[in-house]
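Notes for the one structure printed next.
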Amino acid sequence: ERNLERVEELMPFKDTQTVTWIRVVGLHRVEQIEKLGELFGIHPLTLEDILNVHQRPKIEFFEDYIFVVMRTLSYEKGMKSEQISLVLGRNFLISFQERKSDIFKPVETRLRNNKGSIRKKGADYLLYSFLDIVVDSYFVLLETLGEVIDTLEDEVLSEPYPHIVKDIHLLKRDLNYAFKVFWTTRDEMNRLLREDSSLIRKRSLIYYRDVYDHIIRVIDITETMRDTVSGLLDVYFSSVSNRMNEIMKVLTIIATVFIPLTFIAGVYGMNFKYMPELEWKYGYPAVLLFMLLIGMGLLFFFRRKRWL
Amino acid sequence: ERNLERVEELMPFKDTQTVTWIRVVGLHRVEQIEKLGELFGIHPLTLEDILNVHQRPKIEFFEDYIFVVMRTLSYEKGMKSEQISLVLGRNFLISFQERKSDIFKPVETRLRNNKGSIRKKGADYLLYSFLDIVVDSYFVLLETLGEVIDTLEDEVLSEPYPHIVKDIHLLKRDLNYAFKVFWTTRDEMNRLLREDSSLIRKRSLIYYRDVYDHIIRVIDITETMRDTVSGLLDVYFSSVSNRMNEIMKVLTIIATVFIPLTFIAGVYGMNFKYMPELEWKYGYPAVLLFMLLIGMGLLFFFRRKRWL
Amino acid sequence: ERNLERVEELMPFKDTQTVTWIRVVGLHRVEQIEKLGELFGIHPLTLEDILNVHQRPKIEFFEDYIFVVMRTLSYEKGMKSEQISLVLGRNFLISFQERKSDIFKPVETRLRNNKGSIRKKGADYLLYSFLDIVVDSYFVLLETLGEVIDTLEDEVLSEPYPHIVKDIHLLKRDLNYAFKVFWTTRDEMNRLLREDSSLIRKRSLIYYRDVYDHIIRVIDITETMRDTVSGLLDVYFSSVSNRMNEIMKVLTIIATVFIPLTFIAGVYGMNFKYMPELEWKYGYPAVLLFMLLIGMGLLFFFRRKRWL
Amino acid sequence: ERNLERVEELMPFKDTQTVTWIRVVGLHRVEQIEKLGELFGIHPLTLEDILNVHQRPKIEFFEDYIFVVMRTLSYEKGMKSEQISLVLGRNFLISFQERKSDIFKPVETRLRNNKGSIRKKGADYLLYSFLDIVVDSYFVLLETLGEVIDTLEDEVLSEPYPHIVKDIHLLKRDLNYAFKVFWTTRDEMNRLLREDSSLIRKRSLIYYRDVYDHIIRVIDITETMRDTVSGLLDVYFSSVSNRMNEIMKVLTIIATVFIPLTFIAGVYGMNFKYMPELEWKYGYPAVLLFMLLIGMGLLFFFRRKRWL
Amino acid sequence: ERNLERVEELMPFKDTQTVTWIRVVGLHRVEQIEKLGELFGIHPLTLEDILNVHQRPKIEFFEDYIFVVMRTLSYEKGMKSEQISLVLGRNFLISFQERKSDIFKPVETRLRNNKGSIRKKGADYLLYSFLDIVVDSYFVLLETLGEVIDTLEDEVLSEPYPHIVKDIHLLKRDLNYAFKVFWTTRDEMNRLLREDSSLIRKRSLIYYRDVYDHIIRVIDITETMRDTVSGLLDVYFSSVSNRMNEIMKVLTIIATVFIPLTFIAGVYGMNFKYMPELEWKYGYPAVLLFMLLIGMGLLFFFRRKRWL
């Protein structure tokens, strides 16, 4: 285990019998990477794909190596995705990452401690470990997303703020993006399982099938999440319209109770000379009582109609 | 038929000619299960799938055994699902469950009573019995769900409570989950029918095809339910908007009838010195009559417009 | 042509050279049917499917016979469906129905009159006649459904009653059910066309292809109907919202015309000591005129805005 | 080129070396058509399909002939469709139509003028000419539909009339119908391209592929139209709701400006003995000014909120 | 590198060993192009496709050449598309365009400077360069569209103008059109990769696979954009309904606060002879206070209900 600065130092590792893991972190030193590519016989188009970190997940079979692109995903106020390129040769595995991340820590640790069966099991098992780690990291992502969705759901039901629709759509877009990454990974894994490459031994296939199984479960969960998020919009619109209805109902009731009463008051506010009621001794309390009765009647009517 | 505590006691049953059903209930005693796996030659990844009870339904063909994962579903304030793992060997069948449930009671009973053809027909027929029981339990689930949907439908039409939209979405999610389980089961059953494994005899295939037929019918019913639940939202929104319209109509009518009347009252409430009507002897009753006529006219107009 | 009560009486017909049509109506005499099954070598699972009348349409190929399940559909306040099971042997055809219906009348008549080519053309042609009759009955169903949809459409456009949304959804569900029956029938017919069974002669295949053609046309029509019914909901919601808008507009206009006028009346109803207008001789008619002008102005404004 | 009344007169044309085009217009003379079918060896089921003019587009391969059903479409207050049946034999082509239409005019003209390569190129080229003409007529239809859609779009945006939703749905249904015809034609053309029939020579295939290309373009355009028409509904609902909002805003503003003012007038209309303001000399103008200020303030508030 | 006016001048280039790129700009000189077609053995139907510039992207394999149709897309107040037809022969490549555009500038430059490997690598590599340039130009288009979508999104959220729904639908239509072009291009590229043509050498295939990869990424981005634009409509409708609710709330509050107050004022405006309150010394301020309390109470009620 060494930190090397120049590609030339890798020369001796090329043809050893043991498995070598070369880890390249940072893709700005293009020249060094091109030298590395030349040394291990990597096609220029593969190198291009490694350097342009916007590839979809894919697995390409070349004569002397298999080129694997995976994408890690993390969610922190928006989906973030990083590309991990892996080149599997006869007895070496080269990994390329833009930034140093902790995702491969477990493999590192196991290799260092010399415990675990990784060291013995060949390069294809090492590749499996990496794929497995990336796919398992998707479960962590989905947990985060699940919490985000739960929070959003609570807010939609209790107190929807104005731009929540946009937030829902952003989440939807992120989920769609993740879904696409998962689905493409699944497709490519499937192809790897059926392709007949000498670089991956028969008895390793069962491990790859396990990864495939996991990615399918990831897709299942994501699909359920997409349904939920789609449903959130319906819930939101119904929640908003419920509040609106609540408000409208109060308006209706207050207005419809007082409008007739105000009319009655208006009638007795007219200045006609001959209005017998106005002369009555108990005209005023009688009218007040009459108004009360009308108001009560209307409220009773509304209650019976179950509008209250 | 015995209750064993330690795996070693199973030794003698491994190579008998008769069919042995080993039933493992509770998955917390990992070590014992691993020993069992070793004894019957089960691959570590299979054991992992048995212990991690979030697998999708699946059927995997190994050299010496077939590994089947089924999921039972039950609905009680939300969908609950339990994993049942089955390992079919040459002349043994091992079932793994987290909790002891009554689902396999019928097979038990038949085995105990020694009646029924299960004992004679070999391990693959026993496996069929289990699959059949699980798929038949789906019909029970669908009946429960059908009742839940009917209740919800009634509530949507009579008196939609505020969070019914969320309940509909939860039900939809549960249905989607069940649908996915059914669909995957169907896919795997289909694969089992076409796969050529020596562990399942030709003449047993017709039974498996029958299970396949049942699962397809389960899927059909579930699809209809999903349509119904989707429709519920439309019905809900239309029901809410109907109530809203009803309320708005009353507001409109009361308001539009009284607003002009109030205006007239307002006119005769003005304090102009020279307002001839005010001096008339029958001005007051005339105005009241006039108001009545206007009110009636408006009501008549609304009725003719069919708003009432 | 005879009416038999006991299965044993069928013995002599089993091995004749001529084609025999055995018609079983009513499925409650399970024992007799099981005897029949034994006599003609029908598999127990097939008998189970015959007795459990909730099968999907299907065609199963056995060594000695072909088992066909068809479903007749009729619509009368909801979709009704009956199962017709057919067993085609070398020179016999057995049909199973729950209730006696007139659907096979035409075949009966033709057989009785000895005219038509049915008697000569073998059992597979007889089976074709039955399939043809069932599929043709679907066209009748679709005509009925077409009328139901037309009625619903008229009601949606003229006078939507409150629960019409539910009716639309029920119709949609029925259509989906019929669609599923048609589609499955199509699938199974397609399989029959490609399957190579000695029981169906090459030269009969062209007739089966004709049935297949008809079922595809049935599916086409059903799809169009589903589109129409889906559209009905949109039309309904737009129709409701149109009525609502109409009502709101009247409210707006009446309210907005009278609210300012009432305000003016209110102003001159104030009791200030010094209000010069009140003393004017023509103050009252002047105010009335002013109110009229304002009212006319508002109406003119609304008309110009095309709200009236 | 002759107009024949009786089928017998066709006898001599059956076995000539040159290509013969027999054109049958009007399908009511069933007997003559059956005679024709017998003469040219056409299967009874084919004749049935020719006479029943509700077939889907299809191409059927028989031993001695190819049977082609095409549908012409025209739009004039609803979609109209006519069936054109074509029977391609070794050196004859028979076309069947219900009514005489001008659609095959170009071929007629070219045949009459003896110019163009149609006469020399054999019956399969003649068939191609017919298919080409029918598919090209679809482009004309799409142009008409395009104009209908444009008109509808303008009306939706400027002045939506009440039943426009129904018109949109009718158009949608027509488009779906056309789409289905196009799609089926495409499928059948595709099958023709892959089928290996001796009646269509290899070197003619490139022409058929050209027709196939055209039908795909037709489908593309139709899909775009379907999207547009679907979008029309959204535009309509948003347009209606925009108008509604406009109206509601005016109501809100007029009502909310005048309601407080009316209240103030009401206050000073009260008949309390001790109301000091009433005695003030400038109480009346002061109140008017106060009302003006409040009205202006509210309008200013609305403008700042961008509601005006 | 020469500008030629007449096709005859191309004679000598037909059979050279080196690769010749013939660039035809402007398709109005039909005769010259037909001569060119004759000279290089291009089928009349291909020429027709070149001249009719509404083809879908496609790749057709002929015996002596491959015919490729690509579409460039640009967005400037609506999608614009131009057809580029390419004919790849053994050692020549002919490109046809309607208008002179700068899209092939990079290839031109590289050819002129004699640097770059284009000149050496054969006609199939030249074709690849052209495909690559066209597909890369799609990324530029998508960037433009991305900005248009962002602008629209901002407008939807801040200040939706009336016809924004139509703009969204136009954008959607444009995106669908682009999507169709991309998808068809992908399909045809895929076919090219699997087709076995002697005109494209094995070792060039990896470059074509790279173009295929790019077009898939283009499709991915477009799909995300389509989701976003679809979401825009939801956001718009929710935004409009939010504003509407805001307005309605203010109306409700002002109206419901003042309607009861106006009623009270109306009561004390009645002219009954015996109304004791009117005689009280502090009746007027008491009523004002009472009104104030009621108004405050209602506001407090609204605030507690979170309507304010």
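So that you can tell them apart, the chains are marked A, B, C, D and E in the order they are listed, and the count of residues begins at 1 in each.
Everything that follows uses one rule, which is that contacts are C-beta pairs under 8 Å (C-beta built on N, C-alpha and C of every residue); 3 or more make two chains touch, one makes a residue touch a chain.
In this text the structure is predicted, and so the values were computed from the model without any measurement.
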Intersection of contact partners for subunit C and subunit E: D
Self-contact between copies subunit A and subunit B, residue sets same or different by half: different
Length of the line joining the C-alpha centres of subunit A and subunit C, rounded to whole Å: 40
Mean-CA-position distance for subunit E and subunit D (Å): 25
Two or more partner chains touched - positions in subunit B: 248, 251, 255, 259, 262, 266, 269-271, 275
Touch-based graph of the chains, sorted into line, ring, star, complete or other: ring
Subunit A - residues contacting subunit E, complex: 43, 45, 48-49, 54-56, 58, 159, 162-163, 165-166, 169, 172-173, 176-177, 180, 233, 236-237, 240, 243-244, 246-248, 250-251, 254-255, 258-259, 261-262, 265-266, 268-271, 275, 277-284, 287-288
Contact set on subunit E toward subunit A in their complex: 157, 206-207, 210, 213, 216-217, 220, 223-224, 227-228, 231, 234-235, 238-239, 241-242, 245, 248-249, 251-252, 255-256, 259-260, 262-263, 266-267, 269-275, 305-307
